[in-house]
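Some structures to go through are shown next.
Each of the next two complexes has chain A plus one other chain: chain B in the first, chain C in the second.
Right, the complex of A and B next:
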């Protein structure tokens, strides 16, 4: 039988299969059996069958969808990895990597909770990187060059890649099914598994390998798209029509420098480090999106009680992401240092604050607007708030156009100081130091939200973040985005290339402010009020730190930076005292030592800024380009360090083949 | 408006402005030489005020009434001034060594974030040291009031004036007429060329931090003697004004920083004369005082609109 033959691995494929199946099966097993994977499924099934009788059906359906996506993605990922691996890197190396980067976080998050677990992971990772570098140095080990002889795959090899993907997924899911079956039988023997679920166990054991076979075909297609391929598959190789033929693609790759070659090779199949290849990143993205999307329903399974509190915290983290992305337009893309970004946030917040409460109608001596109508008006006002902020962004931008560098920084800083003072002192309109309270919650198709249920806000902020990321990516790649980058790199050169400095800079200020206006209106709506204390220079500094720590100009970097800085500041440092209250923790001992040997009444709350400052300095010293630098900056840093542009800054001599791809703007 | 009141506010503004100017010198020197906004500078000043209180404490002076007199007073003041300057200078150099030197060739914003981090660290050290309340500063210098016509000024004002002017003149002399000063200017102009001419760049940058922080230490003493209190947030507020002063005068320019400091002091003092408009009439809600930060920055923005490089800053031709 053709299928059966296709599933029997050849000798060299067998090693790859073992490498990846073991590598992936262990973390999946940990997730499924030790954490709550199995519990989630069983609860969902029992609930759907009406045996638990308590749960809401919609929640269970969401859980089921999440589980389906999760396992399907992992199975397909296994196939892709087997297909894409070049086999140049060792098996043990990979297993250690998976242990450090997947197993350790799993266990730590499981035992310590999400934020503290991840923080501990970060420390372990840093230690691991350091140790690995030491070990490599001691062993005189240099990683192999990524397949300098990358070949165009012929039809036979392409079939081989596809077969390997199918085998990978099939055998992975078969192994998973087998392990799962054994574990479930044990559970059953101990009496922890309801008898009704045995039917499910049987069905699952049969379905998994079949699903694996088909998902493997999918994974094979993903892998094949990333091979250096003959463009016109049917023509049998005589595709000498210049442009995009395989020969030119190959010579293009060969002519690149090592740096660029490594970068390009990251996208291709076969790949030395398939876990880090852009193909695998697609699968991670699916996992991440599914996780974030269904988080509210799976949170109780993963972390137990307190879902609402956590969701509220993540909602707050969300508007910091929007703020950081907005500031990234001004600072990262256009290179205009803005130290007063909080001003636009304040403007956005007060716009909805004044309109959404009785403040406006009181001041104007009008009858109050019907609360139901007002709640529905949140949606148009979200845009209005953003536009008002953008307008002020342009107004601020206008007088600063002639300023350069840090003169600009101080003017923006000044604006950031003026705006909160105006809101504070014009108390006839803004209620001064007391702030505005009683701002209406938004309503959505007639359903009024309240301040206490965080789930709608969680989805709202997700939607807003998705919108922000989408517009940011599109802006970066647009004509305007390239003009911003040109200004950042060299204003004069940009101007002489026909970039209109005035409008381009004003657009940067306006767009950046637009997003912070959105974040501001959201902030007010979620909080149900505005307080003038939330808009200080310190906040502007935090936003800037998010952008710089994440990696200036890099969209994924800035998102990560925002989340990292927010978690450090709001979760980690805020919890130090709680942890120190537990007599078994290290912090308890440290605290006691400090109190007995020095400072009376010491609490970790007193040194929050100190710890945060130390973290800032340390991150900057060891990673000045940010956690995830943009590709452009990474390349700059690997090249010469001095300012002058010389031919060496380009990998390819102008005119040589491959020059076009070298000077590609991003 | 009353002319006497106006002149009176000008005198107040001049004294405060001179202190701002002393702090601003630190910003402007550091900026001139490595193009870094040293956010930690204001906090060094704050730590300086605490150092002064501790030195006073070592002499047994804990409040204004236990002040010594005559030569003892002069001795205590000189020792405190020198002690504060030296300790602040050391602090400045240490900060440079730990937080800025490793980032000499890093992307431009990395040292800025590092500076912000150091500023947060210093603020919390101040908080741990003296608590979060306002700390009284023993005003041991005699507070005699003198009159020129109806305008009054105190002996402390004279002290501030003398100390600030002497230090500024000394700094100006050092930068323009000594070897180190010449090396500093060379590094500021072109670091690599200076290194090629045999200037030890790292040393010169360290000296710049040393001098700037030392001036902040001096400013700390005269601030305390003049206003009689300090607080761990003082560094931020005064640092902001001082940095604004540096920019206003043309960042990197010493005379400009002095001019900017005085100008900001005067604007701040004059702002308090603006009447309250809550019940109608000309002015701002709640009077000018709560608005003074906003007014300072509006003045700054207006000046920069017409002189984009500050009052005395040179319009550098753009390099191609």
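Right, the complex of A and C next:
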């Protein structure tokens, strides 16, 4: 009875429950019934029961795990959102947002495929932002400031937060169970649902609410960790300052300036934009990791045939992520402009290319190494390739790092041009313009690494990306990372604080090149060879564009930047002509219009680079700080105007008389 | 002051500049400058705008190399050392127009100041063995301890980006960053510039406390004469890159050349320095 009582919502909670349950249930229902959610589950169940008799049990288990994680996370998310919402923002506003940011992508990805669908979404989102700003202006509406949310919660209120989370999850899963039951009964009546599954329908309807109750407790715990607790507990909300001793959380918040205040408020509970708070981001992260990990098995369910081609494409996108993260150390952390980053990529690629094929043994007149042994040697050679690249990073850095800014960029540019030419001319080792072919594929515990299935490469690149992210995060938050950022901020102050400029910059170049070497070796392994024309100046520029567009210095930003730029360049623009060949598409009409009204023989391939350039320019105009800027970078751009004078003074080269000129008015 | 020096029982100067000159092209920013700073002294360098005071600091800390002459710390020459090496020898400094890492937090700024005190290398940073974790925890504890030198206000603001701080707070963070390197000698470039009267008085207090509580030797550049007179043990006066006077505050205050340099008409000043230059040649 106590449990039952606890689940009856109070009036103000009821409004929140409706807001979030409807908001989340609609997209989930679309995914489950219109897309493939239900199909995935039913297939997995039938397969596990041995009734479908098709696929391997391991795949079905993986699918089941994914589904379990997916629904559990969404249910817990519902609880968290109900608990964390301050109720300051309106329900309709939220529903429109969810429709635009979740439903629209769902439908577009469903109908157009992942990349094209997301590209169309990006366009729609931009339009939506514009429209929303206009509407706000017309209505004279300003969103409430997050500062209103900053509340210290006493013990009673904390219990209430927890209860709301439980209610949210419970009612959400109950509603889901009910809807699902109705839909399944309709399917059954139409004859689309096998009778055996009715048992599952019954079990599910009972289990979901119970699971919701417990997931709600979990969500409550997540929400509670982000509340500001009263210091001595129980004495009421305003006695936070009572204790003396170290400053309490609240008084700390009070002395902080408004900007900092805002940043704090963004993540605390209660929150008026709970969908964006860091608590909700935890749940998104779980969803994302589950999706990426299980992608190879769920891809056929989601997008139908052609899984191998798509997986191979995403594997390629992966090494660009590593490259961008590596370059981010040099450009983003240490602030050194590197225009020749492709050189290190080439070094990594050729290192494994020469060693992993018959090149080396042929040149040295040795007996060829046993192919099995060679395949196993990929793993140590991956590290060797990275270290060789790092070594060259240091070698390049040593003479050039006394240069600053533009000059350094020019020297790296030269290096980026020289290295591929050297590889081209060293025919004996690199086979010149023909490149290296027949590089052995890696071997690992009897997994099939042949080109037929890209799955092992998919997981290999995932592991490499995970390693790169881990390393980057650790480095950023270390003594070395602080020194890098200090150099970027102010070289003279950094040197005067004991940072050795030359060694620290060399570390940046070496570390950046290290990751580039990893990417290179992976590239060669996946391709089964090296082609000398994959290392042009244009590639260096693309890598740089990935870093800048994603958000200089921001690790999540750079990952997104790499994926976005790669998708635009390789998937979207490369496929424009293919899409235009389809008479039903908009592009077909555009193409015809252009051909009839002006340019004969027009193809989208002709203007591919133009379109790419325009897209980059547009992104930079509207988001100069990048797609997901780092906190530092955002602030920096915002403060540029106030600091104009000081920044100018810092530009003067030390040693020039102007450097220390005393420009003071006193 | 004399008593204290006797207690220290040392007349070995901590910092010694011998006949130091610095030329930028034809412009002599500093000429034949001799400065001696004894341990636990607070020494001021004063002079009108463009007198070369900051150049002296840049010469000491290795940002510039002297055209001629020698700079010694505790008897060892600093010539040819890069700024980070000079810091390791025990000289930390602040800057006239505050050079903090603006887009880093207060705590991070002080942590960068501890760079030479920490030992973590690249592999240690990635794999974080207990040694590195402990070092990092200790560094943070020490950073907060350093901030506590200026009262509780900076501790409360430790997570704040320095760009959001008031001018006076930024000055303090810069000093805390310099202290983080455990220097023997602290160079303060106009520690009261841009401050109002209350803040200036406060600054004078903590400069004294730096010496009395942390036993530092302090060389500072100051523009406000009253401030200098109040806190310095001795004063050097620079004009056009030359030392025109030195001594106790009282002596300097009455020195005619100093009065002329500070208050005299431009023409008079011009004539004087011309005479001086002729005298040299």
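Following the convention adopted for this analysis, the second predicted complex is superposed on the first by the 615 of 666 C-alpha atoms of A that agree within 3 Å, B and C clash if a C-alpha of one lies under 4 Å from a C-alpha of the other, contacts with A are read in each partner's own complex, and residues count from 1 in each chain.
Note that in this section a residue touches a chain if its C-beta (ideal position, glycine included) is under 8 Å from a C-beta of that chain, and two chains touch if they have at least 3 such contacts.
These numbers come from a predicted model, not from an experiment.
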item: First (chain B), second (chain C), both or neither touched by A:501; value: second
item: Chain B versus chain C as contact partner of A:492, first or second or both or neither; value: both
item: Partner chain(s) touched by A:295 [first = chain B, second = chain C, both, neither]; value: neither
item: Which of chain B and chain C A:484 touches, first, second, both or neither; value: neither
item: Which of chain B and chain C A:610 touches, first, second, both or neither; value: first
item: Touching partner for A:624 - first (chain B), second (chain C), both, neither; value: first
item: Contacts of A:20 with chain B and chain C, given as first, second, both or neither; value: neither
item: First (chain B), second (chain C), both or neither touched by A:406; value: first
item: Contacts of A:70 with chain B and chain C, given as first, second, both or neither; value: neither
item: Overlap of the chain B and chain C footprints on chain A, listed as residue numbers; value: 492, 633
item: Chain A residues touching chain B - in the complex, by the definition given at the top; value: 331, 337, 399-400, 402-407, 409-411, 413-415, 417-418, 421-422, 424-428, 491-492, 537, 541, 544-545, 548-549, 552, 599, 602, 606-610, 612-617, 620-621, 624-625, 633, 637, 641-642
item: Residues of chain C touching chain A in the complex; value: 24-25, 27, 29, 49-50, 54-55, 58, 61, 63-64, 82-84, 87-88, 92-93, 95-97, 99-104, 108, 111-113, 115-116, 118, 120-122, 125-128, 132, 136, 152-153, 155-157, 159-161, 163-165, 177-178, 180-181, 193, 223
item: Complex contact set, residues of chain A against chain C; value: 247, 251-252, 255-257, 259-260, 471, 474-475, 478-483, 485-486, 489-490, 492-501, 507, 511, 632-633, 635-636, 639, 643, 646, 649-650, 654-657, 660-662, 664, 666
item: For the chain B and chain A complex, residues of the former touching the latter; value: 31, 35, 37, 98-99, 102-103, 105-107, 109-114, 116-121, 123-125, 127-128, 192, 236, 240, 243-244, 247, 251, 284-286, 290-291, 293-294, 296-298, 300-301, 304-305, 308-310, 318, 320
